[in-house]
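Just passing along the structure, written as structure tokens.
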Amino acid sequence: MKNIFINGPISPAFITESISRHESRTEIGGHSIFLGQVRRDLIGNKPVTAIDYTAYEDMAIEKMAVIREEVFGKYPLTCMHIHHSLGKVEAGQICLFVFTSAAHRREAMDACNELVERIKAELPIWGKELFEDESYQWKENI
Amino acid sequence: MKNIFINGPISPAFITESISRHESRTEIGGHSIFLGQVRRDLIGNKPVTAIDYTAYEDMAIEKMAVIREEVFGKYPLTCMHIHHSLGKVEAGQICLFVFTSAAHRREAMDACNELVERIKAELPIWGKELFEDESYQWKENI
Amino acid sequence: MDIISFGKIAEIAGGSFSIDNAPDTDSLKKIIEQKFPALKGVKYLLAVDKKMIRGNINLDKNSVVALMPPFSGG
Amino acid sequence: MDIISFGKIAEIAGGSFSIDNAPDTDSLKKIIEQKFPALKGVKYLLAVDKKMIRGNINLDKNSVVALMPPFSGG
């Protein structure tokens, strides 16, 4: 089973490398990418400066493998890559990278959208929103 | 009005730079990216080695400005970037880059999907599929 | 009156050319298809002054008309 | 029986701990909420051996039970 976790933020260079590796896959017609970025939300009047992510890693990796198989079964995809940060990710940095490729655009886009929804709803990952004054609040996905 | 055209393929490095520039936009929570890649389709039994793109550039740029305004009016987006190749793009290389950012993922993804559909249907751009033996066929979007 | 053409249509009509003024797009099409009979069998769209048109619209002598095959960008 | 906890719940229950074997998840919840009364007011989910569970299921002494707050990844 593939590990989806990366320590700290996902760098734009990592994303490029991932895109570049698909140049030899000439059966691909469309790539769909979703990037989650940490938002400097105001909670009360304190801005979120970073999110500290933790996960039940073994369970998340097993669950992701199940989701991966289901989404591959539903859409004719060429590739699928999922990466999620653990630890501290500053506001403005990237914490989630979902990348699907297919011969035709619709399948790549639909699969990417579905993966993002499922990752947020089904993977045991938690974000702790950190404030400047070292206080924090646990994030809740709505 | 913004020019959307780039000569030749869109490089992964160009895409990274574009992503990197959004790190200071901390009101963003999600980016959605679509990349169109030239597919080595078999036409009869001849593989497509490249697509040569031409456009009615002035009209495409004007039309894109209208689409841009309409999509900005429909979704609460932070940013929207569109780039399309002109000239020769080899199989495996990227010819279309659509990039939307918003506070929340749904808006970024829906806007990106809608832009891709409208770009393919409404912009006066034509692709000539080139074969190894220097013969060609005009591409048709289905 | 200036006519420009693109893609597959440009291969038939040879890019840009001028014709005598036509009062509207329906008359224009007749003139063009007489000049380039191969266009009759081919699907093409018209833009007047960079706007797509449907149906028949009036032209003036400064109109720029574009003959375009179906789009295939992306 | 090994219990692990995450996120906000780990702050209440202190990460991982052991309890006497419970026959099923409903009894387990009672034991845990007695041990950590603050859990009563908080929404939490259970996974047994890395599978989410709904309703009441039987446990054996080797089960690993995870107490988890609602997920907030992405």
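Labels A, B, C and D are assigned to the chains in the order they are written; within every chain, residues are numbered from 1.
Definition applied: a contact is a pair of C-beta atoms (placed from the backbone, for glycine too) under 8 Å apart; a residue touches a chain by one contact, two chains touch by 3 or more.
Please read these numbers as outputs of a predicted model, since none were measured by experiment.
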Touch-connected components when subunit B is not counted: A, D | C
Separation of subunit A from subunit C, taking each centre as the mean of its C-alpha atoms, in whole Å: 48
Distance between the centres, which are taken as Cα means, of subunit C and subunit B, whole angstrom: 26
Subunit A-subunit B separation of Cα centroids, rounded to whole Å: 23
Averaged-CA centre spacing for the pair subunit D and subunit C, given as whole angstrom: 72
Residues within subunit C bordering two or more other chains: 74
Multi-chain contact residues (two or more partners), subunit B: 36, 105, 116
Touch relationships between chains, expressed as pairs: A-B, A-D, B-C
List of subunit B residues in touch with subunit A within their complex: 12-13, 15-17, 19-20, 22-40, 91-94, 101, 103, 105, 108-109, 112-113, 116
Subunit D to subunit A touching residues, read off their complex: 4, 6-8, 47, 50, 66, 68-74
Interfacial residue positions of subunit A with respect to subunit D in the complex: 36, 53-56, 58-60, 62-63, 84, 95-96, 116, 119-128, 138-141
